[in-house]
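Structures for review follow.
In what comes next, subunit A is part of two complexes: it sits with subunit B in the first one and with subunit C in the second one.
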Partner chain A sequence: MSGVSSAEYIKHHLVNMTYGKLPAGYARVDSHGESQTLEQATWTLAHNPEEASAMGFNALHLDTLGWSVVTGLIFCTLFYRMAKKASSDVPHGMLNFVEMVVDFVDTTVKDIFHYRNSLIAPMALTIFVWVFLMNLMDLVPVDWLPGLAGKIAGNEHLYFKVVPTTDVNITLGMAFTVFGLMIFFSIKEKGVMGFVKELTLHPFNAPKWYVNILLVPINLILETVSLIAKPISLGLRLFGNLYAGEMIFILIAIMFGAGWALGLFAGVLQWAWAVFHVLVITLQAFVFMVLTVVYMAMAHDVEEEH
Partner chain B sequence: MNINATLIGQSITFFIFVWFCLKFIWPPIRNAMAEREEKIAHGLQSADRAEHDLELAREKVLRQLHDAKHEAAAIIEQANKRSAQIVDEAKEQAREEGDRLKVAAQAEIEQEVNRAREKLRNQVATLAVAGAEKILQSSIDVNIHSELVDKLAAEL
Partner chain C sequence: MEQGLIYIAAALMIGLGALGTAIGFGSLGGKLLEGSARQPEMAPMLQGKMFLIAGLLDAVPMIGVGMAMYLMFAA
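What follows is the complex of A and B.
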C-alpha cells in the first residue's frame, strides 16, 4: 500500500475482478497512458473501473462469483459428508453441529411456513449456511486474499473482492431467484387468475363491480410496488449491511500504515469490529432465510376473506 | 457497483446448490434425526415399562417374603407342638414301662415266696419226722410206727 493514497486504496478495494465484453470502438488506455482503440468487441479482464462500466451487462465478477461458488461448495461438501454419516445412532462431533443447524432451520421454517412444500426447508438451510459462509469471508483481513491472489497472478493491482455478499449482483441474484420462486408458487397455488386478482382486488375492494373497476388501477399500482419492493429490499438489505461492514474494515486497514501507535489502535479496532460483525453476519444470514420463508408462505397464502 | 451477468450466474449457482441440498443433504439428515427421535422415544417408553415391572417385582418379592415368614412361623409352631407331644408320649411310655416292670417284679417275688414256702414245707415235714424220730426213737419202733409216720407225712 506504499505510495498509494487512502482514496486510491479504498477505491481499489471496491472494484471487482470483472471479465466481460468490451464493445468495438472502445479506446483502452493502458498503464503508460497510451490509448488503443479496439477494432472489434473483445472478451477480456477489465483493467480499471471505467472499463468494467463500459462492459455493461456482458460481464462476470470472477472474484465474488468464484468465492460464492467456493463457499457454496464448502457448505455442500461439509453437509453432504455429514449426511452420509448420519444414522439413528449416537451422533458425534461435527454431525452434532450440522444436526443442530438443520434442526434450527427446520423449527424456524415450521413456525413460519404451514404448507406442504418439500423445497422450502432445504432452500432455507442452503440460504442460511451459504449466506453465513459468504458473509464470513468478511472476517478475513481485507488484504490477505487479494494480496495472495495478486502474488499468484503476478499483478499487484489485481482487483479482487473476496466477500460475495458485498457485491450487489450476488445478493440481488439470490433475491430475484427467490422472487421468481415466489411468483411461481403463487401462480401454482392460486392459478393465473388468482394471482391477477390478488394484484388487482387488494387492498381496496368494493361490493359493487363498477366501483371496483375504478379501484383496480390503484390496487395494481400499490400491489406491484409492494411486490417489486420485496426482492429489492431483500437483496439490498444484505448487500448494504455487508458493504458497510467491509467499508469499515477497509478504513481500519488504512490505519495500519500510519505508524505503530495508530497501527496498534487499528488492531484493537479491527478486533472489536470483527467481534461485533460476527453478530451482524449471523443475523443477516438469518434474516435473509426468514424473509425468504415468509415470502414463500405469502405465495402459498390464499386470502379469500377480503 | 455494476449490474451485470454475475446476477444470472449467482441465480444459477443458487439453484444448483438448493437442488443439491434438496436431493442429497436434507432428506438423509432429517430421516436420521426422525429415526433417532423415534428410537429415543421407544427407549424412554421401555425404560418406563421396566421401572413399572421392577415395581411389580418388588411388590411380589415383598409378598412372598411375607408369606414365607408366615409359613416359617407356622412350621416352628407345629414343630414345638410336635416336640411337646413327643415328650409327653415318651413320659407316658416310661411310666407304663415302669408299671409293667413293677408288676413283673412283684409277680416274681410272689413266685419266689411261694417256692420258698413249698421248700420250707418240705423241710418242715422232714424236720418234724426227724424230730419226732429223735423223740420217739427210744420208745417207738420204726417198723411199727412207720405206717403212722408216712400217713402223717402225706397229710402235710
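What follows is the complex of A and C.
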C-alpha cells in the first residue's frame, strides 16, 4: 500500500465497494493486466473504479448499505434496551445519556412544531441519532476497519468506505424521503387544492382573479424552485460536510506513509481535525433534524384566509 | 490542459465558497458576542442559535468543496 502514489491512494480510497451487473462483453482487466471478456452479464464485485462506473445503474454500494444498517441496528437496540430499563427512579449511566438525548430532541421539536402529529418527534430522534452514529464512523481512521477486514478475509485488496454519509445516495435518499413526507403532509393537511393554491398564489396574489392569472406563472417558478431546493440542499449539506471531512482524513492518512517525522506531524493533524470534526458531526446531524422538523411544520401550517 | 482547468475550477469553487462563508461566520460571531455582552443571561440560547445557523451556513462551502473534490478525483 505504501508504494502507491498519493493520487492513486486518494482515487483508491474514494471508491465504494460496489456489487453490480457488468454488461456482457465487458473486457475485465484484473490486477495482472490480462483481460477476460464476459460472455453474459454477471453480478460481481467491482475491482476498480472503471468497472464500478461500467456497472451503471444496477450497482449496490455494499459498504454504505451495510454500515448504515449496522448503525441503524445499534441505534434501535440501544434505545430499545434503555426504554425497557427506564423507570421513575434516578437514571444512571447509559440510561441517563439516552434520556438526555430524548429530552433534548423533545424540547427542540416542541418549540418548532406546534401541531398534533405523533410521527414527528420519533422521526426527529431517529434522524438525529442515526445520522450522528453514521457520521461518528468518520472519526475511525480511514484504513483501520478495511485493514482489519482485509486481514480477517485474508485478501489484502479488500477496501470499503466506512462512513455511509459520505455516499451521496444515502444523504439524498433521506432528503427525498423527507421531501415525500413534506408533500404528503401538506396535501393531507391542506388538501390538494390548498397545496396547489400555496404553490400558485404565494408570494404575489391580488384580490382580482384576472390579475392573479398573470401572477400565477411567476409564483409557480418561485415556489417550485424553493420547493426543489429544500431536499437538494438538505441532502448535499450533509454529504458535502462529511465528504470533505473524510477527504481531509484521507489526505492526512497519506502523510503517515511518508517517514516518521511527517507521520508524527500527521498524527497531531489527525487528532486536531478529529476534534474539530466532532463538532461538525453533531452539528450536521442536529441541523438535518431541525430542518426536517421545520419542513414538517411548514407542511402543517394551514394559513387562515386573512 | 484540460486537467489544469479542472484544478483551477476546483480551486475557485473552494476558495470563493470559503471566502463568503468566512465573512458570514465572522459577522455571526461578532453579533453573538455583542448580543451576549448586552444580555449575558441570554448567552447560552444565543450560542445555541448561532451553532444552528453556523450549521446551515456550512452547507454553501461544503457543497462547493464536495463538488470540487468530486471534480478533481472522481470525475
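Criterion: the second predicted complex is superposed on the first by the 303 of 306 C-alpha atoms of A that agree within 3 Å, B and C clash if a C-alpha of one lies under 4 Å from a C-alpha of the other, contacts with A are read in each partner's own complex, and residues count from 1 in each chain.
Following the convention adopted for this analysis, a residue touches a chain if its C-beta (ideal position, glycine included) is under 8 Å from a C-beta of that chain, and two chains touch if they have at least 3 such contacts.
It should be emphasised that the depicted structure is a prediction, and the values quoted were computed from it without experimental measurement.
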>> Applying the document's definition of touch, where does A:Val98 land relative to subunit B and subunit C: first, second, both, or neither?
In response: first
> Is A:Ile252 in contact with subunit B, with subunit C, with both, or with neither (first, second, both, neither)?
Replying inline: neither
> Given the touch rule stated above, what does A:Met296 touch, subunit B (first), subunit C (second), both, or neither?
Replying inline: neither
>> With both structures fitted on chain A, tell me whether subunit B or subunit C touches more of subunit A's residues.
In response: B
>> Just checking: does A:Ile10 make contact with subunit B only, subunit C only, both, or neither of them? Give me first, second, both or neither.
In response: second
> Both subunit B and subunit C contact which residues of subunit A?
Replying inline: 14
> What part of subunit A is in contact with subunit B in the complex they form?
Replying inline: 14, 16, 18, 20, 52-53, 55-61, 64-65, 68-69, 72, 75-76, 79-80, 82-84, 86-89, 91, 98-99, 102-103, 106, 118-119, 121-123, 125-126, 130, 164, 167-170, 172-174, 176-177
> Where on subunit C does subunit A make contact in their complex?
Replying inline: 51-52, 54-56, 58-59, 62-67, 69-70, 73-74
>> With touch defined as at the start, can you tell me which subunit B residues reach subunit A in the complex?
In response: 1-11, 13-15, 17-18, 20-22, 24-26, 28-33, 35-36, 38-39
>> Per the contact definition, I'd like the list of subunit A residues that touch subunit C in the complex.
In response: 10-11, 14, 49, 233, 236-237, 239-241, 243-244, 247, 280, 283-284, 286-287, 290-291
